[in-house]
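The structures come next, written out as structure tokens.
Each of the next two complexes has chain A plus one other chain: chain B in the first, chain C in the second.
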Partner chain A sequence: MTENDPINQDYQKAVIELLYQLADDDFIHAFRGSEWLGLAPHIEEDVAFSSISQDTMGHTAMFYRLLEELGEGSADHLAQGRSSIERKNCVLVELVNGPGNYMEKPRYDWAFAVVRNYFYTQAKAIKIQSLKNSSYKPLSDAAVKVKMELYFHLLHWKTWFTQLMTSTDEARKRMEEATERVFAELDGVFSQGSYRVKIVDFGLIEDETILRKLWIQELSPIFQSINLTMPESFGMKHGNGRDGEHTGDLEQAIQTLSEVYRLNPAAAW
Partner chain B sequence: MSVLEKGLSEEEQLSKFMAKIEAGEKIEADDWMPEDYRTALIKLISMHGISEIMGALPEKEWVPKAPSLKRKLGIMAKVQDEMGHGQMLLRVTEDLLKPYGKTREDLMQDLFKGDLKFHNVFHMATKSWADAGMVGWLVDGAAIITQTNMLNASYGPYARALKRICSEEVFHAQHGEAIIMALTEGTVEQKLMIQECLNRWWDSLLMFFGPASKQTTGSSKQDITMKYRIRTKTNEELRQIFFTKYIPRILSLGLTIPDETIHFDQEKQEWIYQQPDWNEFKEIIKGNGPKSQERLDLRRTSYETNKWVRDALAK
Partner chain C sequence: MIATNEEVWKVLLGVNDPEINTVSIVDLGMVESINIGREEIRIKIIPTFLGCPALPIIQKNIENAVKEAIEVSEVTVEFVCSAPWTSDRITERGREGLQAFGISPPPRHIKENGEWQVDCPYCGSTYVTFDNLFGPTACRSILYCRSCKNPFEAMKPMSTDM
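On to the complex of A and B.
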């Protein structure tokens, strides 16, 4: 099916649902990354991490634009004007970077950042690989563009992950704790929510169980090499974001990221 | 400090060095250089580098809040560039510090202790989205003027770094100007937001170029940097260039300059303007500006919080 074919309503609904998941995931993920700016462990990392967050924000813009083309409203409104209940992102990306605020006493947790970024990016890479064969052509085109950049993001976070896991005892302990916290929400990253069957039946992307299996296949050798056990199952401790279940952290994120926009959503900024 | 060339006295080395820079040749990191040249460079470049890094913080306050996807992308890229400039300049400084056995760690400690200063503009608060535009447009615009003045600096590594920095700063100024233009063409509230912002920033912009002479504040490094061909123009000459370039642009956007006395004196061929409070300037660069300690605290906090990461990497 191409852009110009008549798309039946059900199909379009499924496309829209999946696009919201992809767009909201990357948007909140890039927002959390942007809060780290200037606070990374060293200056070189600040440059690298902000470059990655910028790429991710670029992917976000691509996904919101696809929604705009499907008549969902302007990309800027979709990004900034929706309440937390309307958001479809997974809970993992919305969790705060650590205690404090990015402007005041940010005691941000680098171990959590590394593990979350690595696991999320690996999951994203697997989804993007699957999306390259999506029946929705605009989405498969977007996937090709995103994939090129993901290679470097993944390499970056994998390097941090293995290095910190195999260094001091303190680093290992912090990394294991962070890994546990991320696993507790990782099912939410793969979840396709209540539209799952349609999303898969229409050939938009492979089923979440397949994606999860591919993720485990990719990460298992890495885990083995650093003597870490892959858990039997993951979790969705704070609920399924695909169905609108979120934490207060998302509300706080939306308040911040839309602070200026909300002064006057109709104005040109 | 550096090893003397065989058979040459210190004095002969110095006259050779001066002849070299006067002929427009570049000095490289491993070349012989007089001690006061090295210390002037360290002071200048470490301050420039750390200002890029501390300068990311006031703008960074608005990165997560940028009001559209386009602006989010723009400002993320912009602040990332600034961090990149800081990194590049600290590397240049690190080479100059080698003979003293000092490293980046020492620079960070100097910053925390208040010995390594950062630029006056980055001690100021940013109160609205307009400030994000102002930093890009007029603060970076001012930076382009001072940095262009050093593009032919006698120290090769700094001159080369500045070439790259200046070309990126031109994009930053355009990014800032685009934000400002959207506001000046916008709603009444947006116009008020940008005028209020300009009123707040004006004195800081004048101070950006430093005092006209050391009589104003008791010290100035412009004499030594000119003698050694690091820069060519005085602080006041640079400020005048800034006025000539930006006053017409500010006025054409319908903004008012918060100095009723400012005008161009045809006879003297210079801008006449109200001096900012140079005592305030002295206080700011001493670390007593409105946001000096808060910004330093941000860096201190992240430095302490990430200590375990540095330890892990050192292992």
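On to the complex of A and C.
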């Protein structure tokens, strides 16, 4: 689509909705990732995880810029100036990393981090693959770029996932518990919210049921190789983030990440 | 016409990656296009990685270099995704520059199973092991040479097949 084409209003609304889902997902996911800085199991992982979070923050910035170009406001404001009710991210990415907080006695859960990152990244890779054929050219262009970077992220989390699952009894137990918690929210990752029909009809991305099926197809052989059963269905235990349903964890995340921005929204960065 | 395309390319050849000062952004394959208008020069840059924190520095360096060399009131640098950056965009001179900096250039081929091989930039040995797929910057990995016992970095391969 060139700059001069008149963009149908309905079409634009659907594009904006999908962009908010993609941007908010990656933004909160990268924020939770960045909270692990200095706390990962070892120094090499610290380097890797922070590099991944930085990449993801780059994807976030690109999605917010696409929204900025559609007149939704500045990327900085979209990231930091919106309340939790306005956010479209899925609940899975907003959940805290574990008990305690970054500044005081963080007792974060590495098993949960590995499972959440692996399952989310695989879902993102499937969405990105579908976005390569998006009718919205800026999104299909961006998808080609993001896909290459995701390759490394996926490889990383898959390695952790399979290694911990086949490690000690305690590791296995913790990983299975974490897997259960992630499955309880995984439907929210695929959800396209109340705009689903339009998003799909306009050819922006494939339907969530197809994406979910592709995810299961991709992970089934891995599950099989480590003797893990794929559940019949996933859940959305704490509601659908696409429709503005969130937990208190998101409120806490936004308070923390926007603290500096709120001091002076007009400051130059 | 305030300048020729060739003149601007020449200026950009002098703008190095802020984190690898032996390689220019041209040889890294980051320059997508140069557009010369009446009063403005527009340059489209392809980021190697979207989250690369050096991008604003690269932008500033390009603006300064062009303004210094050519009399022009406006220089616009735009980061675009319309062409993805892949490691085969690095020129032969770029590969040499990376090597000189102690960074192995990206592998030319990736095996079907996703594996790839790079050689030690110091001694050329193929006896190297992976230390960390992720390195100090988004585009680099950390490896270790079993022959000369040096840790070294390598540019990650980036290809649209991945």
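In this section, the second predicted complex is superposed on the first by the 264 of 269 C-alpha atoms of A that agree within 3 Å, B and C clash if a C-alpha of one lies under 4 Å from a C-alpha of the other, contacts with A are read in each partner's own complex, and residues count from 1 in each chain.
Just so it is clear, contacts are C-beta pairs under 8 Å (C-beta built on N, C-alpha and C of every residue); 3 or more make two chains touch, one makes a residue touch a chain.
Because the structure is a prediction, the values reported are computed rather than measured.
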Next item on the list: Return first, second, both or neither, reflecting whether A:V260 touches chain B, chain C, both chains, or no partner chain.
Entry: first
Notebook entry, point to check: When the two structures are overlaid on chain A, which partner does A:E170 contact: first (chain B), second (chain C), both, or neither?
Noted result: first
Note to self: If you tally the residues of chain A touched by each partner, is the higher count for chain B or for chain C?
What the structure shows: B
Next item on the list: Could you tell me if A:S51 is touching chain B, chain C, both of them or neither one (first, second, both, neither)?
Entry: both
Checklist line | Partner chain(s) touched by A:E149 [first = chain B, second = chain C, both, neither] | finding: second
Check: Touching A:A61, do we find chain B (first), chain C (second), both, or neither?
Finding: both
Next item on the list: Could you tell me if A:D141 is touching chain B, chain C, both of them or neither one (first, second, both, neither)?
Entry: second
Next item on the list: Could you give the residue numbers on chain A that contact chain B in one complex and chain C in the other?
Entry: 44, 47, 51, 54, 57-58, 61
Next item on the list: Under the touch definition given earlier, write down the residues of chain C that touch chain A in their complex.
Entry: 47, 49-53, 81-82, 84-86, 114, 131-136, 138, 142, 156, 158-160, 162
Next item on the list: Would you tell me which residues of chain B are touching chain A in their complex?
Entry: 53, 56-57, 60-73, 76-77, 79-80, 83-84, 86-87, 90, 129, 179, 182-183, 185-187, 189-190, 294, 297-299, 301-302, 305-306, 308-313, 315
Note to self: Which stretch or stretches of chain A touch chain B in the complex?
What the structure shows: 30-31, 34-35, 37-44, 46-47, 50-51, 53-54, 57-58, 60-61, 64, 75-76, 79-80, 98, 100, 102-108, 110, 163-164, 167-168, 170-171, 174, 256-257, 259-261, 263-264, 267-269
Note to self: Going by the contact rule set out above, which residues of chain A touch chain C in the complex?
What the structure shows: 44, 47-48, 51-52, 54-59, 61-62, 138, 141-142, 144-149, 151-152, 155-156
